[in-house]
Amino acid sequence: MEIERVGTGVPGLDTFMGGGIPKGIDVVVHGDPGSGKTSFAIQFAKNGLENGESCIFVELDILPGELRKKMHMLGLDAEKYEEDGRLIIVDGVSGKRVGTCSRERYVIKDPRDLNSIAKTISDARQYLGEGGRIIIDSWASIALNFTSEYRGLIRFTEAFVVESRNSNYTTLLITDFSVEDRLMKILRHIASGYIEFLTRFEGNSKRRYILIHNLRFTSHVETPIPYTINSKGLRVIESRL
Amino acid sequence: MEIERVGTGVPGLDTFMGGGIPKGIDVVVHGDPGSGKTSFAIQFAKNGLENGESCIFVELDILPGELRKKMHMLGLDAEKYEEDGRLIIVDGVSGKRVGTCSRERYVIKDPRDLNSIAKTISDARQYLGEGGRIIIDSWASIALNFTSEYRGLIRFTEAFVVESRNSNYTTLLITDFSVEDRLMKILRHIASGYIEFLTRFEGNSKRRYILIHNLRFTSHVETPIPYTINSKGLRVIESRL
Amino acid sequence: MEIERVGTGVPGLDTFMGGGIPKGIDVVVHGDPGSGKTSFAIQFAKNGLENGESCIFVELDILPGELRKKMHMLGLDAEKYEEDGRLIIVDGVSGKRVGTCSRERYVIKDPRDLNSIAKTISDARQYLGEGGRIIIDSWASIALNFTSEYRGLIRFTEAFVVESRNSNYTTLLITDFSVEDRLMKILRHIASGYIEFLTRFEGNSKRRYILIHNLRFTSHVETPIPYTINSKGLRVIESRL
Amino acid sequence: MEIERVGTGVPGLDTFMGGGIPKGIDVVVHGDPGSGKTSFAIQFAKNGLENGESCIFVELDILPGELRKKMHMLGLDAEKYEEDGRLIIVDGVSGKRVGTCSRERYVIKDPRDLNSIAKTISDARQYLGEGGRIIIDSWASIALNFTSEYRGLIRFTEAFVVESRNSNYTTLLITDFSVEDRLMKILRHIASGYIEFLTRFEGNSKRRYILIHNLRFTSHVETPIPYTINSKGLRVIESRL
Amino acid sequence: MEIERVGTGVPGLDTFMGGGIPKGIDVVVHGDPGSGKTSFAIQFAKNGLENGESCIFVELDILPGELRKKMHMLGLDAEKYEEDGRLIIVDGVSGKRVGTCSRERYVIKDPRDLNSIAKTISDARQYLGEGGRIIIDSWASIALNFTSEYRGLIRFTEAFVVESRNSNYTTLLITDFSVEDRLMKILRHIASGYIEFLTRFEGNSKRRYILIHNLRFTSHVETPIPYTINSKGLRVIESRL
Amino acid sequence: MEIERVGTGVPGLDTFMGGGIPKGIDVVVHGDPGSGKTSFAIQFAKNGLENGESCIFVELDILPGELRKKMHMLGLDAEKYEEDGRLIIVDGVSGKRVGTCSRERYVIKDPRDLNSIAKTISDARQYLGEGGRIIIDSWASIALNFTSEYRGLIRFTEAFVVESRNSNYTTLLITDFSVEDRLMKILRHIASGYIEFLTRFEGNSKRRYILIHNLRFTSHVETPIPYTINSKGLRVIESRL
C-alpha cells in the first residue's frame, strides 16, 4: 500500500519527508513574522498548479491585490490560473472593514463569522471538485476573534479538516505566535502534521530552520533543516541524503 | 486470589507488568503525536480478538477507512472480525462534519455530545455482551470540546469507567498533550492505571520508552522500558527479566 | 488532662505520633496513586473494629465488591463486621452510572450531590451511634466535581467535620494530586491534621515515607518515616524510639 | 505625644516592639498550622484580662469547649472571666453544621454570612463598652468562603477595622496559608501591622521565629525573633536588648 | 520655554529631579508599608502650603484625627491651614463603617463608590479654585474594591487626572503592593511620573532608597537615592550634585 | 516592482530599513515611558509634512495644548500646518472628563467608545483625502479600557488597519508595557511591522536602542540600533553602512 504524495514546492525539502506531504492530509505550519510562511504557502500552491492540481487560497491577512503581487514576485501568474478556473483566491480581508466592498469573486462577507468562512470555502470547493490543495493564510487570523472561548473554533476546524479529508484536499493551516499555547496544542491534536519555521541567532547572524515535528504516514528527518529566503522564495540550503 | 490478566499485544511488554493488564480495569495511555499510541491500541485489540475476546474500537481521530487500512498494515483483518460480530468499529469522526453521512453501522451522531457517545458505546456493548475490550481513540478528542468547563466530561468519564468495570471490559483511554494538566490529573485519579509513551533525544538520536506510572493490582517495573516502532507496530527492545 | 488516642493499625507508626491519632479529630491523608492510601484506610478501620469501635467506610473510588476483596487480602473480614452491625460500607460508586443499581444497603444515590452524600453518612452515623471512625475514600473523588467553584464543597466539608467532632468520630479524609493546590490548602486549614505519603527515587530504587506535617494536640516526629507495602499492608521499616 | 501600648502576653516579646502593640490598632498574625497562633491569641487575651481590659474572642476554627480547654491549659480561667462579664467567647463553629445548636450565649448563626458575623461582634462590643481587645481566630476561616470574589469580604474587613479603631479596641486577625496571596496583600494593606510566625529547618531541627514586618507608630526589630512553644505557650528564647 | 516646578518638601530630593516636580502633572508614589509614603505626602502638602499653594488631602487609610496628629508630628499645623481655607482634609475612612458618622466637613459618603469620591474631590477643588496640590492617600485603597474588574476604576482615574491637569493641580497618587501588577502598569501608563520607595537588606541593616522611574518634562537621576526616616520625616542622606 | 518608502524623520535611521518605512503599511512602535515614543511620532509627522504629505495625529495621552508645545520644541510648527489643512490633531483626551469641553475641531466625544474613535478618524481621513500618515498616540490608551475582553478591540484594529491600507496611509500604532502580552502578540499579528525602543543598563549608564523585529517588504538590520534623545528628538548614534 503506497502513500501518494504531493510536492511542497520548496527546492530540496521533499526528500526530508519521504518525497512530499501525503496527499489528502492537513498540516499546520507555524512560524514567526518574517519567517516566510506566506512565501511557503505560495510555493506550495504553485507546485500544485504546475502539476495539474487546483488550488484554493484563503487569504485573511493581506489584501488580494497584495497577495497577487507577492505571487508574481515568486513566479506564479495568479491571473492566468484564475482565468483557467484552477486557482481561487478567497478575499478574507475586505470584509473586516465596516461596509465590505471588494471586486473579488470569492469574498468572505464576515471574516469573524465561522459560518461565513465555511460557506465561502465550501462554494470554492464545490466549483473546483474533488482533490486539490487548500491554504488557510492564516488560521491564526481566524483564531484572533476567539480568545478564551474556543469551542466554536474547534468545531469549525474539526469540520473543515474532516471535510477536506473526505474530498481528498491536501491542506495547509498557517499559524504564528498570536495563537495561545493551549489552542496550538488543540490544533496540533486535530491536524495530521506539524511543521515549524524556526529562527535562531548563532553568534551575530540569524539562521533559519524547518522542523518537522510530526507528519502522518511519513517517516521524516527529526533534526532542523536549514533554509534561506530570497526573492525566489524558500530554498533548503544543503540537500543531505 | 489470582488476578486474571490480558495481554497487551506488544512483544516483550507483558512481563514488565506481571503478565499483562489486570482484566476489567481501565488504563490511560498518554503520548505525543508519532509515539505509536494508535498502533498500540490496534495491537491491544488484535491480541484480544486472537484470544477469543470481543472488542469495541471507538475511533474519534481518523476516518474508519483510514483505521481499517492501518489495522491491515499491522496484520489485523478488521473486516473478518467485524463479519464475525466480534469487532465493532465506532465511527466518531464523520459526525464532526456538517450533515453527517457515513456508511458505518456504528456512528456517533454528534461527537461533541457526551450522551451521543455514551449511547453508541452502550449499543455496541449490548450487542457484544459481557467481557471484552474497549478502546477510546482518543479520549483527548472528546476532551477538546470541554475546555475549562469539565464537569460534564468528568461525569461522563466516571460513568463510562464504572459501566465498563461492571460489565468486565478492559479499557484503554488514549490521550496526548492537548489535554490540560489539571484535567489529566483528574483522569488519572478516575482510572486504574496510567502508562506514558516517552520520547527522549539522547545525543543525535530519538529514543522511545514506555513508562508504567501505576497499574492497580499489579507490581510493575518502574524504570522506562525502551521500545521501537516499525511496520509491524511496537516492540520492546530487550526483554529484561 | 490526658488526650485519648486511637491506633492507626500500621505496625510501628503510632509511636511517632505520641501513641496514635487523638480521638475525635479529622486527618487529611495525601498520597499519589500506588502509595497505599486505601490500604492505610483499611488498616485504620481494622484497628478500630478489633478494638471494639464501629466504622463507616465511605467508598467513592472502587466498587464495594472490590473493596471487600481488598479488605480480605489485608485480613479484615468485612462481612463478619457488617453482620455484627459495626461496619458500614457506603457505596459511593454505583451511583455514578446512569441508572443506579446496587445491592448495597448504604448507597449514595448521586455521588455528585453533596446533600446526597451527607444524607447517607448521616444515616450511617445515626445507626452506629456516638463515637467510632469514618473514612472518606476519597475526598478527592468528591472534589473532582467541584473544580473552580469550591464554595459548596467547603461548606459541606466544614459541616461534615464539625458534625464528626460533635459526635466524637475520628476521621480520615483521603486525597491525591487531583486536588488543586488552592483547595488542598483550604482542606488542610479545615482539618486537624495532615499526613503525606511520599515517594522518592534514591539512586535506582523507590523509597516510601510517611510525613506528619501537623496533628492537633500531638507532638510528632517531623522527619519522614520510611515504610514498605506488601500483601499485609503498610509497615514502618524501623521503629526508632 | 506618647503612644499607649498593650502587652502581647508573650514573655520577652514586647521589648522588641517598643513596649507592646500600640493600643487601638489592628494587627494581622500569620503562621502555618502548628506555629502557635491560637496559643498566641490566648496569651494576648489573658494579658488583657489580667490588666483589667475586657476581651472578645471570636472563635471560628474549634468548638468553644475545645477553646476553653486550651485556655485552661495556658492558665486562663475562661469561665471566671466570662462570669465577670469581661470575656466573651463567640461561637463561630456550631453554625457551620446543618441545624445550628449551641448552648453558647454568643453564637454566629451563619458563619458564612458576613452580616451575621458583624452582628454578633457588634452585640458583644456593645455589651462590653469602649476599649478592650478583639481576636478573630481565624480571619482565614471567614475568607475560605470568599474565594475569587473578595469584594464583600474586603468591605466587611474595612468596616470591622474602622469600627474597632473608633471604639478603641486592639485587634488581632489570625491567618494562615489558606489565604490567597492576592487577598493577603489586601488584608495587609487594610491592617496597621503584620506579624509572621516562621518555621525554618536548620540542619535536622526545626526553629521557630517571630518576624515583625510592620507595625504602625512603632519602631521595631526587623530581624527574626526566635521563640519556643511548650505547655505554657510561646516564649521568646533570649531577650536581647 | 521654562518648566515651572514645585518642591517635594523632602530635604535634598528636588535637586535629583531638575528642581522639583513639574507643576500640574500627576505622579504615582509606590512603596511598601513602613516606607514613609504618608510622611512624604504630608511633607509635600506642607511644602505647598508654606509656599502659598492650597492643598487637598484625600485620606482613605487612617482616621482624620490620626492624620492631623501625624501632620503635627511632622510640623504641619493642619487646623491653622484648614481655618485659613487653604487645606482641605477629605475623610474617606468613616464612610467605610455601616452608618457613616463623621464630624468632618468633607466626607466621602461611600468610599467604594467612585462617583461619591469624584463628587467630594470636585467640591473641594471648586472651593479652592485653580492650581494647588492634591494627594490621594491612597489610591491603593480605592483600587481594593475593584479587583479583576478594572474598567470603572480606569475611567475614574483617567477623568481625575485630566481634570487635575486642566485645573493645574499637581497630584500625588499613593500606592503599595496591594495593587495588582497589571493594574499598576495601567496606572503608570495613565500618570505622568512614577517614583518608588525601595527597601533593601544590605548585610544586617535595612537601607531605604527613592527611585525615580520616569517624570514627564524632566531629566532625572536614574540611580536609587538613599534616604532616612525619623521624627521629622524623610530626608535624602547625601546630596550628590 | 519597486517598494515606495517614507522617511522616519529620525536622522540616521532610514538606512537601517532599506530607505524608510514602506508606504501604506502599519507599524507598531513599542517602548517604556521615557523612551521617546511621542518624540518619534512627532518626528515622523514632521518628516511627512515637510515632504508634502498630510498627517492625522490622534492624541489620546496628553492634552492637545501639551502636544503642540512638544511639537514646537521639536521644530514642528503645528498651527501653520493645521491652518494649511494638512495636519489634523485629534483630541482624544478631553472626552475622558465628565462633561467634555474642548475648543479643538476634531474631538473624540467618548474615547472609550471604539465607534466614536473610528468616526472621528474617518472624518479626518475624509477631509484630507487619499494617502498620508496616521499616528495613534497611543493605541495602548485605547486598549486600557478593554482588559480581558478583547474582541471589540481586535475588530476595531483590524478594520482600522484595512481601511488605512485601502486609502494608502502609512500608520504608526504606539504602545507600551501597559498592553498585556497576549494582546501585544495579537496586535503584532495584525500589523505589518514591529519596532521596539529598548533601554539597557550597561554598567552605570542607561543605553537606548531601536530594535526592528519585522517590517513587511523590507530587509532590515536585525541587531539593536543605538540612539539618543535630546531637545531635538531622537538621533541614531552612529550610522553604520
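Every chain is named by a letter (A, B, C, D, E and F) in the order it is written, and numbering of its residues begins at 1.
Criterion: contacts are C-beta pairs under 8 Å (C-beta built on N, C-alpha and C of every residue); 3 or more make two chains touch, one makes a residue touch a chain.
All of these numbers come straight from a predicted model, not from anything done at the bench.
S.K.: Looking at the contacts, which chains touch chain D and chain E alike?
M.R.: Per touch definition, common to chain D and chain E: zero chains.
S.K.: Do chain B and chain C, two copies of one chain sequence, contact each other through the same residue numbers, with over half in common, or through different ones?
M.R.: different
S.K.: Farthest chain from chain F, going by the mean of C-alpha atoms per chain?
M.R.: Chain C.
S.K.: From the mean C-alpha coordinate of chain B to that of chain D, what's the distance rounded to whole Å?
M.R.: 55
S.K.: Based only on mean CA positions, could you tell me how far chain B sits from chain E in angstrom?
M.R.: 64
S.K.: When the C-alpha atoms of chain A and chain F are each averaged to a single point, how far apart are the two points in Å?
M.R.: Centre-to-centre distance between chain A and chain F: 32 Å.
S.K.: Quick check: in the complex, which residue numbers of chain F touch chain A?
M.R.: Residue list for chain F touching chain A: 1, 118, 150-151, 154-155, 158-159, 162-163, 165-166, 182, 185-186, 188-190, 194, 213-214, 222-223.
S.K.: Quick one: which bits of chain E touch chain D in the complex? Just the residue numbers, please.
M.R.: 32-34, 63, 69, 72-73, 93-94, 96-98, 112, 140-141, 144-145, 147, 176-178, 180, 204, 206
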